[in-house]
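Order of writing sets the labels: A, B, C and D. Residues in every chain begin at 1.
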Amino acid sequence: MKTPILEVEHLTMRFGGLVAVDDLSFTAFKEDVTAIIGPNGAGKTTVFNCLTGFYRPTTGQLTFHGHFGPVLLERMDGFRVPRHGLARTFQNIRLFGGMSVLENLIVAQHNELMRASGYTLLGLFGAGVYRRAEAEAVERARFWLERLGLVDRADWPAASLPYGDQRKLEIARALCTGPRLLCLDEPAAGLNPRETAELGELLLELRDRHGIAVLLIEHDMSLVMRIADHIVVLDYGRKIADGPPERIKRDPLVIKAYLGETEEEELPPEVAADLAAAEGGS
Amino acid sequence: MAYFLQQLINGVALGMVYGLIAIGYSMVYGIIGMINFAHGEIYMIGAFVSLIAFTLLGMLGVSWAPLALVVVLLTAIAITSLYGWTVERIAYRPLRGSFRLAPLISAIGMSIFLQTYVQITQGAKIKTLQPVITGGFTFTDASGFTVTISWIQILIVLLTLVLMAGFTWVIAKTPLGRAQRACQQDLKMAALCGVDVDRTISLTFVIGAALAAVAGLMATLYYGVIDFFIGFLAGVKAFTAAVLGGIGSIPGAMLGGLVLGLAEAFWSGYFSIEYKDVAAFTILVIVLIFLPTGILGQPEIEKV
Amino acid sequence: MTTAIRAPAVSVVPGLGARVKDAALAAFVAFVLLAPILGMETVPGPDGRLTLDFHFDLVAIGALGVFLGRLALSFALRGRPLARAAAGPLSVFVSRYGNWLGVAGLVFALALPLMPFSSRYVIDVATTLVIYVMLGWGLNIVVGLAGLLDLGYVAFYAVGAYSYALFAKWFGLGFWACLPIAGVLAAVAGILLGFPVLRLRGDYLAIVTLGFGEIIRLVLINWHEVTGGPNGIADIPRPSFFGFPFTRNPGEGEIAFHQLFGLEFSTMHRVVFLYYLALALALVTNLFVLRIRKLPIGRAWEALREDEIACKALGINPTNTKLTAFALGAMFGGFAGSFFATRQGFISPESFTFIESAIILAIVVLGGMGSQIGVVLAAAVIVLLPEIARELETYRMLFFGAAMVLIMIWRPRGLLAHREPTLRLHPRPGGGGS
Amino acid sequence: MLEVQDVVARYGAIEALRGVSIRVERGEIVTIIGANGAGKSTLLMTICGDPRAASGRILFEGRDITHLPTYDIVRLGIAQAPEGRRIFPRMTVLENLMMGAVPTDGSHFEEDLERVFALFPRLRERRHQRGGTLSGGEQQMLCIGRALMARPKLLLMDEPSLGIAPILVRQIFEAIVAINRERGLPILLVEQNAYQALRIAHRGYVLAGGRVVKQGTGRQLLADPEVRAAYLEGGH
């Protein structure tokens, strides 16, 4: 029996007249990598923004089983969400570009360190409590840096990293908040096939070894189909399918709306003729 | 009632002047997202050019007021526009796409420079212009109070309305205005449509400066006294007006100017004249907190 | 923030003819611009009506200057843009030897009053400089670290100065009692202003803080009963050396500073004492900022400056964090204000105009936002240059404004733009990025 | 017609193109496929001069346009229907189309307008509606229509199927074929919907990590097992 970590019930999000998410319900489980897929503009990122407090959903209930038991996310301020153990990354990478890689990871542990620094007062006078807490924070950062192969670049400004490493750093930063559920918005975008494969390994390891559930928005079907335990398909803000990858792959609705016909359609005759001509010519 | 009417009239005239300056802020902000801090000084220069032109015409013996007015208006617009254009070329264009605060700091520097420049060349003393247009309509109500509408106030309102109408037409109907709006809505796409973005931005500064020049001329006629420091306060108030109306929107700038002018007139009329500037700033703070996009502004959706 | 360096412009080297034509055009524009304002000075004539004094010689000189300058510039730049990328050799040098430079500067500052050339004038200028450095460091918390553009910083300086003056005059409190009060009141003012406005977009915040600065000044001018209006407050108690006044003839039961140490009375004692007092305050500010930068709150400020949305996603409360920066920055402004009041013995609203805010902001931005040594460098440039060119008094603000524009164009991120991480995983050599 | 030679381009510190060479001949539809972030959109924007190529050359009709300002490039006859459509939201459909006609001398405006309306009759119905209020599909039609109003010699299209209802996607692709066929207008098409794009393309390039990793005719690429695995079959 799986334990739910996130229950989305009847989530609807409207912007003016536009319905971005329409009566969406699904459950993500603690032992799963859950993927949300669907065409661009289907409302996937909007779901993330509702979960993480950036948008206030129009209606619906979002229950998250966090560090301190179940909480409702739909009316929570964005900055309180991570404290319950829900971390996220962004589609367009949002690093603190001028700060070093290590600093990015230390900032992610802000709330713990604030407490340890006696809300700055103790830290100002160099209390040992704070120094120990900071050393621990650095160790945690080092752990993830080593896991992701970024340890050599720890003191580089984050903006100077290559694109793929920036993606990894953003994930490491989210992990440093100590999440129970990690929400990743197109983490494989812009990664080459090798990097994508590594990312897949990492996500499986998070699930199996660290007990961190993963919720994933992704376009790269090779990745999704390989690592997801459970897929939710959105189209026009509505859920059109929900289930394990094998079933999703065969779902006619999903194929029509998103995956596309894999068998070759009849080409329009003039195009076929044209193609033949072009081939013959070159 | 008569007192109320009088404040209303004063407020409208004042509001029109603020509105004229506010359009410059609004357009520049709309197109490149920067607060042109030196815009208040452009208005001040407009006032000085008007003053100098009047004096020169007086020395040349041109005494027919309508002719003098037209000549001064055109001179002020031409020279002040050139100032606006030059400021953009020197202080802002090299910083386009640069670090966010850089153009603002540059603008503050430009503002200090222009202020000192006029202070040095024209002296720090208040300049008084002999009234060019005097008189107006006076109404007396039953209880003996009088309400005066001066010719200057009528001129301010008429000229502003004509300019507004003409200008709205240019923006709405001409290729020039379309290019300008396109740049406001999407600078990159405008370039992809073949619009010379740099030229359009320059033009925006020129139009803003021209309107500021008209405001400067009106203020000179209305108050009869100017000094090198008038740009700062007028600039901040006009910016308030632009924000109040919804920055980026031209009718909004006019509306914001009117609201501010009226608020100031009634505040000084009924409460205290000393704190009238405090009133303006307080309105600004309140508006920004409760109505961050202004009265006619476009709401923004935060992209995450 | 991503380093938005403008795309490398194309080196299309223009020919001589094109350059001369371009310079001539610039000269023509300059002529038209200068002709009315510089060329025709309005002066009151004998009958009180304005007449014009003509200075077309100056206009001609100006236009010629523009012509030659433009021509020289076109040769110097050879089609390259004037703006430079952030870190220059100076930044690198300072980042490498920053600590040594700091120590050397401190030693020099401490020894200054003992130097042979230290006249009263030198100490006075140095005190002014140190106060601007302190204000710069204080504002650096708000602008440099937290990235909040505050154009009304002088308001907190004023709150500090007036709190000191009023508490000292009406309650007879001494400097050391008033100093914390002034700081706390300024911080409270910072919170009161910050609370509603810190949610605003960057440039709106700038204008609101500017408005706030003006409101404070207008209140000071118009609230005669308390602030003395435009006349200000005079006879503010001067500081004493921990209870020993700097007077020739101390009052009943008092011992003057020179008596305490058995010295000849000299007015220099107070000047030097004030200098050291300013230096001490500035050092406290500096230590505080250096320290807090390495604490979670300091890192959160910088993170907030870089990306507020990412901060929220990491559990940082943006409003509270900004508010702390605002309040602490205001507090140091308040400290500096109370020092200003006790040093001058007289304060009036005229000392707290927008131009002061602009100068302090310029110090922070020109120095290179967030750089402590940059602030010292920029303050030195801005305070000392006009002193060196004293006879050019009238032109000082003209140069000041022009310098602000030119430095921004030349170095949009300030003189020292290099940032050293607040902690490292690897010790210095070997791990240097960039 | 268009030749991109070994072009490198950066956004800030990120090198988006690392030496890309492609060409488009007269009358061709050439498609560029690749994953998100592979540099496809950057390539189209670099052709238009924003960002400017850090090295390499771009030739259009034999003329070096690498260093020309964007508006000059556009006026030479390269129109773009960019990523995300970039409709001017507060302008009417008609005004948007007028903006498209900026590079022309205006003498054929009515005629061109009729051709666009014939291609997309929906736009005629909505011509006085503001761009921002159109549906995604209608915006895409407007976007293409606006580009056509420039009477281009080469049309660049960036993901015209993005976020569009499947039924409309088909219509858009049919329109692309029609434009190419009727006017002989060469089209450089960037697409994520690789299948649809390759079906209508004469030739194609596969972009990954800022480099061209494969090229061939549309049919060759459609048949290529690697391309099928990576971009077509939703991964098996």
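We adopt the following convention: contacts are C-beta pairs under 8 Å (C-beta built on N, C-alpha and C of every residue); 3 or more make two chains touch, one makes a residue touch a chain.
The structure displayed is predicted, hence computed values, not measured ones.
J.: Compute the centre of every chain as the mean of its C-alpha atoms, then state which one is farthest from the centre of chain B.
T.: Taking each chain's C-alpha mean as its centre, the farthest from chain B is A.
J.: More C-beta contacts across B-C or across B-D?
T.: B-C
J.: How many angstrom lie between the centres of chain A and chain B, each centre taken as the mean Cα position?
T.: From the centre of chain A to the centre of chain B is 49 Å.
J.: Round to the nearest whole Å and give the separation of the Cα centres of chain C and chain D.
T.: Here chain C and chain D have centroids separated by 50 Å.
J.: Rounded to a whole Å, what is the gap between the Cα centroids of chain B and chain C?
T.: 30
J.: Rounded to a whole Å, what is the gap between the Cα centroids of chain B and chain D?
T.: Taking the mean C-alpha position of each chain, the two centres sit 43 Å apart.
J.: Could you pull out the residues of chain C that touch at least 2 other chains?
T.: 1-4, 309
J.: Touching two or more other chains, which residues of chain A qualify?
T.: 54, 90, 159-160
J.: Hey, what residues on chain D touch two or more of the other chains?
T.: 12-13
J.: Okay, in this complex, where on chain A does chain C touch?
T.: Interface residues on the chain A side: 52-54, 77-83, 87-88, 90, 94-100, 102-104, 106-108, 110-111, 113-114, 117, 119-120, 123-124, 130, 134, 138, 141-142, 145, 151, 153-157, 159-160, 173-174, 177.
J.: Show which residues of chain C lie in contact with chain B when the two form their complex.
T.: On the chain C side, the touching residues are 1, 4, 6, 29, 32-33, 36-38, 40-44, 49-52, 81-83, 143, 149, 151, 196-197, 199-204, 206-208, 210-212, 214-215, 218-219, 221-222, 309, 354-355, 358, 361-362, 365, 369, 394-395, 397-398, 400-405, 408-409, 412-413.
J.: Quick check on the complex: what are the chain C residues that touch chain A?
T.: Touch residues, chain C against chain A: 1-3, 288, 291-292, 295-297, 299-300, 302-303, 306-307, 309-318, 324, 419, 421-426, 431-434.
J.: Mind listing the chain D positions that touch chain B in their complex?
T.: Interface residues on chain D, with respect to chain B: 48, 50, 69-71, 74-75, 79-80, 82, 86, 88-91, 95, 98-100, 102-103, 146, 150.
J.: Which part of chain B faces chain C closely enough to touch in the complex?
T.: 33-35, 45, 48-49, 51-53, 55-56, 58-59, 75, 79, 82-83, 86, 90-91, 94-106, 108-118, 120-123, 127-130, 232, 236, 239-240, 243, 272, 274-275, 277-278, 280-282, 284-285, 288-289, 292, 302, 304
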